[in-house]
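Contents: one structure, followed by commentary.
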Amino acid sequence: MTDATNNPGASGPTARKHTSLLTIDVNTRKRNRAEARFRSYGIAAIAIGLSFLVMLVWSILSSGLPAFTRTVVEIELTVTQEEYAAAEDQLFKTRAYQDLLVGSLAAELGEDVDPESVERIIGSPGAMLRNYYTANEDQLGEAVTFKLPTSSRTDGYFKGRITREGQERSTFLTPEDLDLADEMKENGIITSEFNWQFLTGTEASDDNPVAAGIGASVVGSFYMMAVVLILSLPIGVAASIYLEEFAPKNRFTDIIEVNISNLAAVPSIVFGILGLAFFIQFAGLPRSAPLVGGLVLTLMTLPTIIISTRAALRAVPPSIRAAALGVGASKMQSVFHHVLPLAMPGILTGTIIGLAQALGETAPLLLIGMVGFVALKYPDGVAEGLLDSNSAMPAQIYTWASRADQIFYEKAWGGIIVLLVFLLTMNIVAIVLRRRFERRW
Amino acid sequence: MDMYDAPHTERDVEQKEVKISARGVQVYYGETHAIKDVDVDIEDNTVTAFIGPSGCGKSTFLRCLNRMNDTIDIARIEGEILIDGENIYDKRVDPVQLRAKVGMVFQKANPFPKSIYDNVAYGPKIHGMAKNKAELDEIVEKALRRGALWDEVKDRLDASGTGLSGGQQQRLCIARAVATEPEVLLMDEPCSALDPIATAQVEELIDELKANYSVVIVTHSMQQAARVSQKTAFFHLGNLVEFDETGTIFTNPRDKRTESYITGRIG
Amino acid sequence: QDRDNVQIAGSSTVLPYASIVAELFGENTDFPTPVVESGGSSTGLARFCEGVGEGTIDIANASRPIRDSEVETCANNGVDEIIEVRIGYDGIVFASQIDGPEFTAFEPSDWFQAIAAELPVDGEIVENPNTTWADVNGDLPDAEILTFIPGTRHGTREVFEENVLLQGCEDSGAMEAFVESGMDEDAAEEACMTVRTDGVSVDIDGDYTETLARIQSNPNGVGVFGLAFYENNTDSLKVATMGGVAPSTETIASGEYPVSRPLFFYIKKAHIGVIPGVKEYAQFFMADEIAGPGGPLANYGLVPDPELADTQSLIENETTMSEM
Amino acid sequence: MSPFWILIVIGVVAVLGYVGARRRAMSSASGNIRNLHSLPNFYGMNALLAGLVPALLLLAVWSAVQPIVIKQSVQSIILDANPDFGSGQLSLVMTQVQRLAEGLSNAIGAGDLTREQVFDMRADLTDVRGRLADLGVALSGDVTQTELQAAQRYMGISAWGDTLRAFAVIAASLLGTAIAFVKTDKDYRARNAVEFMTRMMLLTAACIAILTTVGIVLSLVFNTVEFLRLYPAWDFFFGTRWNGTSQLGLLPLLWGTLYISIIALIVAVPIGLFAAIYLSEYASKPVRAFAKPALEVLAGIPTIVYGLFALLTVGPFLLDVFGDGGALGVDWMSGATAVMTAGLVMGIMLVPFVSSLSDDIINAVPQAMRDGSYGLGATQSETIRQVILPAALPGIVGAILLAASRAIGETMIVVLGAGAAARLSMNPFEAMTTVTTRIVSQLTGDADFTSPEALVAFALGMTLFVITLGLNVFALYIVRKYREQYE
Amino acid sequence: MDMYDAPHTERDVEQKEVKISARGVQVYYGETHAIKDVDVDIEDNTVTAFIGPSGCGKSTFLRCLNRMNDTIDIARIEGEILIDGENIYDKRVDPVQLRAKVGMVFQKANPFPKSIYDNVAYGPKIHGMAKNKAELDEIVEKALRRGALWDEVKDRLDASGTGLSGGQQQRLCIARAVATEPEVLLMDEPCSALDPIATAQVEELIDELKANYSVVIVTHSMQQAARVSQKTAFFHLGNLVEFDETGTIFTNPRDKRTESYITGRIG
């Protein structure tokens, strides 16, 4: 600062000392330091945020990536017409197929191999065999080569998820079984491959955990999010427009405003209570249906979208509205033609965050029956997709995370990876659009 | 005061139809009483100038005439304003229709953050003034020409309206307002950021508009008021002090305040 | 829209078994796979007792027998015909971090003295003063007491309270002391089963995986698990004996291991013949190939019921509880 | 006629109405748009909406009411035959009847049976179940004559009802369109009509938010009252002990909620706000384009991941620092689960709520404000602190409130990160718990729904609702007071 | 041209120190070449007027002088501008310090959404010009007086600056700029929304400032340029066509374009 500016009273050219712009004066230096500090806070904030993101993503990836590979055993099997008929005759049909497989493999491996040992290594692939032969009866009597997943423990042993010592204490695999498995691996009978089944498969029980896949619940989530998007975005934006632009400003609208921000603070499980009471018990919609899940999540997402949309609408300068009104546009036109496009980034941010939240939410699904052991087939069409029992990704992950078998831990994290990919795909349009709409005026 | 002579000769004294008639208008901004009991008759096919010191309520009163004050929460209006004999504050009046009829150029240029073309085409579009693109193009070109902006922007109609210079923005807003062909045009200091040549063009436009419409213009330039207007209203501290033929106001003001304002002028 | 799949809800302990059967039922029959929800025995039974009809569940899983109060609620809501099916037994084990202190042998009285809210000391009832296991029993490691026990929402909690805390209370003579101090029998039992709330014992309302996660982050933690869960996590957990008996399918089946309990499911008879597959599911569940020794349930950790045949005929005849 | 076809028909009617009204408007203005009151499209839209909205409403109401009416009438058959049926049995038989009726209509639809055959069918003469099973319709029990009769009545009424519905809805659509069409005239205020309808739709949308609140209050209030009848209100509101069964004092939970939320906000607000400032004011375009969505991923990571992260990573780390024999040599922390653990991790989760929303709002502050400040020789940070943030305040407060709301509603992180002990303590390194987690655990709990242990969940929900309402009122007041409107 | 006579007499011909010196300045907005190779020397203790038709680049060039163009992404500046012999586009120059030294009044009034008092006090506060509240009050009052706004707002210093009338906002911005006592004051059409009396007061202020500072003013009013400035620069289509003593420009322009602009004037 010059003296003149420090002493407003000073006058006359002689009283003015010209400070050089090239040397930065004390005061400015101080302020620049404050500036640098401030800026570094910003950088630090971003860095902290991103480093946590990296940490989280790293731990998700390191725990979840193994879910994308699986250990398989390659077997050539011939099932005769009689064996088929005999198997189909039983109550526990899949077990009969499994016995055929075990017998055949044990025989192939050698005299001294214990079939029970083989069974412990390969797990329970009976259903896959049954599905194959009921669909391809012409293959009966022919030799067919199957590539079947091994039991979850064998898989865990080869992936390092479980240890030899640990297994010795359990009843699942004996040290001899592990030796045999090692041998099978050396012989190339056991190999490892990309686990498509994890991506396409459906929920599976603890009897055959390797078969569990996220596919069906991805479809469930897809239908749910479709409902959420189709309902919450228009309703949220419409409600915001009404409240911000049209509603008379009075006590009543204040109450509405406070109410909506308050809805955001309602724990998500309470939305589950509401959904259970209203959509299922009152309106008679089916339990465990993605439609109901979508409706509940819509109610939960609305406050987020409304709050961000209102903030964005409020940020549009009044002169823009005045300009539109001034050429004879109606309020409605001024809002839809001018204000809304300018508020778009905020609306999209609300949508991105609201949908992210909805996609990952489990608690309300707990009450409407989407958590547990749900859904084993893909829906045939849109109506089925909305109304048939299904799970959703977070519910599936939550269920897996509480299962005993360690393979589900891996699958839960793998599921989280899929969920995040789903999230990014879902949001990519919004993110790109938002960049388009961003402008300064 | 020779500069007033020329306009004088043009002024016709015959009484024209009253287009806008304000009676007992009061405007409050919260506590502030910004317009105090103003009565005024604005004639058709006439240019009326509002003059007065800064902050005296010219813009406020102007905004009453097309109910733009509705958009200011704290503004409260009393009294009645008749346009073609109909009270515009009547419940049955649709402000939208009113504003389509009573166009406005705001004091601060406020182009839409859209292309120049879209800025001008917006009004005609929502009023269905063009059957097709070609017609719309024509309307836009005509409006921009009337706004004395065409030559400067004809090569960049797609550029953003907010990327123009201050004066260009102001002319864009004028073009935007005339594009909808309103019956009454309210212009709040339309030439404040314009150079003399552009000012002359706008004044020419105003003169041209007068043939069909009624124009109200707020201006700080006595000369401009004298040049373009037939009637002049002088506001002071929210009061309409004097309203008369422009010539009378400038040459023979009745009120002391008017006189001191006029003579205190410098330009 | 009509419901064509069986709907089941209830105990999280039974969930793995029920879902194994549900899956196999879907794979081996033409019926659609039932939906099995978890959430706890009581929640399941509460929903079971909401009434009959499509909008209610067909079967409730429970890790404890249905209570009289629940039977009453059911009856009030029109669910008066209930078939009780005992599916087998489940052991409750006490395990700690594999690298943690040597918790290898517990007595019920150790647990009682470690986590009871109040203890009799020299004839006076005082707040539990013990802070380390060594305070409780010199043979145990000198490690801080930190236990993770099932929350009150779990059916398992009841078994834990009765078979461990109450037992320990009696074994240690605290029960007598309580009674001597002027409590009546019920109050004394209540006192035996009241757990301290100073953070030494943590209620886990979630699943065993939560308990496991807690133990993994606390070397001194000791947790309560189901046998099947422990079997699946022998890599990270080491189990302790209870009353000198190591938990295993055999010791539980023989009744040697003290902390075990039967598991059940309950069928709404009114739904048999209306919702497709209800009875067939129950029959499939209790078939020898499934619930018997060597079947998938036993493989997973269920201790098969020696009286399987009785149960099978009970389902066949649709014998309700009131008819027994 | 199925709803699908009804929709198609009224859709076509409405579109025809659109085209027709538009034409009519144009011709009434003798082809000159300027003579019209509104744009031609508004006349079209007016007819379109008139053809759609009432018809759709009618369709919805009818479809909701018809099954109830049919049920009533069919039930009477069953009740006549079995006067002593309870409601549960009745509903089960109705299920069977519905299934039967559906099976029979499917059979007719597939051409396997004729209508006459179906209506002449007698349960004692035909093996209905077997017959339907052959046709691929599974019934789970044998069919009684009463059931068959009921099913026949059911089919009869619903066929009749469906036809009537089709007529009524299409008539409504035609009528609406016709009225709109007749009204269409160059002076008709079509824009106002359309805008009125649009406005009503906007209002309806706003009402959904209100209805949700009403629904939530309704689903909580009765059980709350019930709870307060069973459990002394004083002990609930002012009790200092909570054990989930016999002692249900609210204060420790409230304290835990407050404490954890505050820590979460202390983490999230500065990080989020500075991130927003950096993104909107300093960052280059590519950095911004990357960092903003990247931070938003934090909001999408399922909370169970955060919970495990808190329990397995952050908790032990804090224990190493603040625990017994830790890096600081203080013994403040005895377990990995603590208010601090949960608060820190929750704060990270909430960062994008603050950063992204605030960034949008800050970005919306007109450039002229910045220019004004820079022109006076202000540094960027001075400009931000003293001009931009005050102008963006309402939006930022909204964002912070949203984050606070999430913090209050979060469960998984608290369960895993903060432990479950209800405790009134000042030490942030101790385990505590929150209202929300208790709601979840009491609700999914073992207690039956008539006991205070379960009902307390509703009372907790209600109390939380009222408290957050108070906080929101306060926030609104603050915003009103400090709001600075640009221009 | 009698109106130019009075100012003439005041003009001193002695060469003053050069305060700002621009050499080969080029400004591009994206593709648009807005300023073409401008050389100019602005003297200390002098009022320099920039005139020229709307859109010719006056504001753009003005904004170069305190690097306000830095804030426009698409703007690109070439050439050098020296203030007191130092290139302000030098890497070592801190634009913040520069702008404290070179104050600016923008073409469009842009008061902060704060109270009137805070609007004016903002600059002095950030520059640490006041030791205490009393001193600050004094600075604010003095600035508002200089901005000819004091009388109108002294009773409502707490009211929002955005609730003022157009002209009041403009004067507020002037007051805000002079409150920080810059060495050079750039004023972009400071009187566009002002009535003659207020204009006269601002012009008086400019004259007063000249004693200590260097003032650059953009104006569309030839009269104003003639009245207040000693030097005048005429811009046309981005070129600096002519730069000379104000008297010379108005009475004896060298360039045809200047002449036609001057004579084409109307006011």
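We just call them A, B, C, D and E in the order they show up, numbering each chain from 1.
Rule of thumb we're sticking to: contacts are C-beta pairs under 8 Å (C-beta built on N, C-alpha and C of every residue); 3 or more make two chains touch, one makes a residue touch a chain.
These figures come from a predicted structure and were not determined experimentally.
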item	value
Fewest touching-chain hops separating subunit C from subunit D	1
Most remote chain, CA-based centroid, reference being subunit D	E
Chain whose Cα centroid lies nearest the overall Cα centroid	D
Rounded Å distance, subunit A centre to subunit D centre (Cα mean)	19
Where subunit B and subunit C are represented by their mean Cα positions, the distance between them in whole Å	84
Gap in Å, rounded to a whole number, between the CA centres of subunit D and subunit B	49
Subunit E residues counted as touching two or more neighbouring chains	96-98, 100-101, 108, 126-127, 180, 182
In subunit C, residues with contacts to at least two other chains	3, 39, 55, 206, 210
Of all residues in subunit A, the ones touching two or more other chains	31-32, 35, 318-319, 330-331, 342, 366, 401, 441
Listing of all chain pairs that touch each other, if any do	A-B, A-C, A-D, A-E, B-D, B-E, C-D, D-E
In the complex, subunit D residues that touch subunit E	367-379, 382, 386-387, 390-391, 484-487
Subunit B residues touching subunit D - in the complex, by the definition given at the top	94, 96-97, 126-131
In the complex, subunit C residues that touch subunit D	2-4, 39-43, 45-46, 51-55, 69-70, 73, 77-79, 146, 151-155, 157, 197, 199, 202-206, 210, 213-214, 216-218, 270-271, 273-278
Subunit E contact footprint on subunit A (complex, rising order)	1-2, 4-6, 8, 11-13, 16, 18-22, 24-25, 27-28, 31-32, 35
Touching residues on subunit A, where the partner in the complex is subunit D	31-32, 34-35, 37-39, 41-46, 48-50, 52-53, 55-57, 59-60, 234-236, 238-239, 241-243, 246-247, 254, 256-271, 273-274, 277-278, 299, 302-304, 306-308, 310-312, 314-319, 330-332, 342-343, 345-346, 349-350, 352-353, 356-357, 359-360, 362-363, 366-367, 394, 397-398, 401, 416, 419-420, 423-424, 427, 431, 435, 438, 440-441
